[in-house]
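One chain, chain A, links the two complexes that follow: it is found with chain B in the first and with chain C in the second.
Right after this comes the complex of A and B.
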């Protein structure tokens, strides 16, 4: 089994009209055994920037802690929050530092940039960025997610419709993947508020 | 004043930081403290519900580019801030060092660095410059204000020697002895944050060289707990500060009567 499939994960981020959604599954497993059904894969960097990390859970935790370190110092020195594009560059640089002994993670970054423009991107485990205008996916369920998102996605969805679309795409994809699932965690972020919701899906 | 007590003989012993004088003094450290005695003053006061820091801005000119950055107060981490007196460029290095140390602790232990440990860690850095390397000490004194879950609100003062101690009220920079004795008279143990602000502004207005106090010459910051229980470091805006100066009656020049 590949090291990227050891814990199991599913991540998706989608762009809407002046908003974005980022969603993950909740399963933490050790190969075939499920050991947690409330695992947080998405973390807040600041009010308008979220990071999801799929792949090996220990690397996801450590990578997140290193990024908080860097972002906190950035905030203190620059006296402002990091823009999503800048943060993506930082993540990419940190991953490439470990080019020959990488973190076994695939990050998904979603945020609101200048003028509240939504920004999403993903990258591979050594920092190759993939910017997308519509959606990005990661994790063991990524192939199903690609298909689900491609068929369900529409441009300029309002927050409520975006939530429905992301949720349906996530749940239908993780149901086809034995290593991810046990519910979902969805964040819908607009310039004024962050709505966090838990999804109940097939609990297996 | 230790400067005037030095004789010609002692000139032999001040060229290197890493040696003692015959009387057992470290002259470079004392000269560093001289430098701070000429810099803008800062006062810190510990209260039941927060710590107050007030600083005097020495450089005020119409030509200065306006910025939202502060000159005397700096945030080290979400739960610790400091006020500075002395050589600003030296201070910037130490502030950066303190910030990195705080983040390194949080990275290792996943919780905020206890205030005293942060102060101690920075003071250990400062001490190194009085014993190794042949480099001069930093010409900065700090007032650290912070909160942690072990000891609540705390105020620490540190100097170029790397010495530090916890205080209920302290002053650094120009006229710090006068300010310290005024604080000793008027400080009460059960002082509230608002009373502490008033006391700090009053003491600063009396010890500052300038005749009138305006919000351009001052900086005021507070470390306190929000209703939700989080530590907050807040710098007072220029407008609020002007209002406070009026409210406490410290804004008039010495010649005028209210």
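Right after this comes the complex of A and C.
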């Protein structure tokens, strides 16, 4: 069994019109046994930047703590928040540093950059960045997510439509994956507000 | 924490201790590293060079060094490292592998990359597909990396390795340009790359096609992951290299013009795109001459998406939501200056 399939996860981020959505499933398992159904995979770095970490949960937590530390140092030195592009570079560097003994995580970074332009990016476990203009996926359900997002995505969606699209893509993909699911957690971020919603999904 | 016991005589000291207190991050449950504290103190010293402050600081540093000695044995490095690879997690990963938990596959750019020398310079070409195992994870990635204004490098192999190695050598070339005050030469980039790759004995899996024009003329080189290099008039690398080389071997001749060169490169990449499963999507071309460079991103797009439904998906039945939480972000408040200038 691959190390990524130890805990199970599903993450997706999508770009809309001056907004973005980032969504994850809620299951935490130890191989085939579910041990938590309210696991938080997406964390806030600052008001306009969210980070989702899929893969091994312990590495995800450690990596998150390191990144929060580095971001706080940055805030003290620069007296401002990090831009999403800069943060993506930071994550990439931290992951590549461990090239020959990597963290078993795949991050998904989503944020609003200058002039409220949405930015999404994902990386593999050693920091190879993939900047996409439409959507990015990660986790055990990633193959299904690729298919679902590819067909459901449209350009320039408004926040409400974007939420609907991301939720449908996430729920339909995790339904085809044993290791992720048990509901969904969606954040839709616009320049004025952050809407956090918990979805009802299949509990199997 | 020895620092907090120092006498606070000046407001600047209070500011330093306030900053240090902030660092007691609840997530990071350990003592502050002496090095971290020094960084903070230096920042404050540089911004307020008063004599009183400096005398206080020496006292602070003295008390710090004592506490630092005691804590050295059970501290874990948290400050930004000095650079290079860190092998902390190798032992743990080996243990996991023994237990049957396999390491993940990295994103590769199963690729077709080519380069050729024409009469005025060098043309580089690449496809744009990035794969993760059998899945295409990026349909339009950039494989032609910038090294210097007159040098570009195409990368095949593990994506993180090609990106990291080209970024690193690009920075080294920039520093070298500042030192020497001259335009970078292609052989400089070549030597830096091959030394780095040989150093890691092929574990940094980056296969590169390096091309550029400098004072000595146009140059094209290939670099293999173990550090060997070749200097050639035309070169191909990646999983699609055989398909592309077939095109080059039959149609290449010396003294090609710019348009002939671009057409040949495009044909070679297309051959890789259509015949090799690891390459696909679009063709990127980069033309480098003595005058400058021309980066033709997505020069040819032979695989457009034609099957999308223009109406798209619509979801009449909404997803069921259990809980909604709305957090308003701070709105930028504009202060409008009212009133006229002062009147006499």
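Keep in mind that, in the parts below, the second predicted complex is superposed on the first by the 204 of 204 C-alpha atoms of A that agree within 3 Å, B and C clash if a C-alpha of one lies under 4 Å from a C-alpha of the other, contacts with A are read in each partner's own complex, and residues count from 1 in each chain.
Just so it is clear, a residue touches a chain if its C-beta (ideal position, glycine included) is under 8 Å from a C-beta of that chain, and two chains touch if they have at least 3 such contacts.
Source: prediction; values computed, not measured.
Undergrad: After the superposition on A, what does A:182 contact: first (chain B), second (chain C), both or neither?
TA: neither
Undergrad: On chain A, which partner touches more residues: chain B or chain C?
TA: With both complexes superposed on chain A, more residues of chain A are touched by C.
Undergrad: So, A:39: does it touch chain B (first), chain C (second), both, or neither?
TA: Neither partner.
Undergrad: Is A:72 touching the first partner chain B, the second partner chain C, both, or neither of them?
TA: So A:72 meets both chain B and chain C here.
Undergrad: Of the partners chain B and chain C, which touch A:135 in the superposed model: first, second, both, neither?
TA: Neither chain B nor chain C is touched by A:135.
Undergrad: Touching A:124, do we find chain B (first), chain C (second), both, or neither?
TA: The second partner, chain C, only.
Undergrad: When the two structures are overlaid on chain A, which partner does A:50 contact: first (chain B), second (chain C), both, or neither?
TA: After superposition on chain A, A:50 lies in contact with neither partner.
Undergrad: Determine, under the contact definition given at the top, whether A:87 touches first (chain B), second (chain C), both, or neither.
TA: In the superposition, A:87 contacts neither chain B nor chain C.
Undergrad: So which positions on chain A get touched by both chain B and chain C?
TA: In the superposed arrangement, which is not itself an observed complex, chain A uses residues 65, 68-69, 72, 76-77 for both chain B and chain C.
Undergrad: What does chain B use to touch chain A in their complex?
TA: So the residues of chain B in touch with chain A come to 68-69, 75-77, 96, 99-100, 103-104, 106-107, 110.
Undergrad: Which stretch or stretches of chain A touch chain B in the complex?
TA: 65-66, 68-69, 72-73, 76-77, 79
Undergrad: Can you tell me which positions in chain A touch chain C when the two form their complex?
TA: 1-4, 6, 47-48, 55, 65, 68-70, 72, 76-77, 92, 95-104, 123-130, 132, 142-143, 146, 151-152, 154, 164-165, 167-168, 171, 183, 191-200
Undergrad: Would you tell me which residues of chain C are touching chain A in their complex?
TA: Touching chain A from chain C are residues 19, 22-23, 25, 27-28, 40, 43, 78, 80-81, 84-93, 96, 100-104, 106-107, 130, 132, 135, 137-138, 141, 158-161, 163-164, 203-204, 312-313, 315, 318-331.
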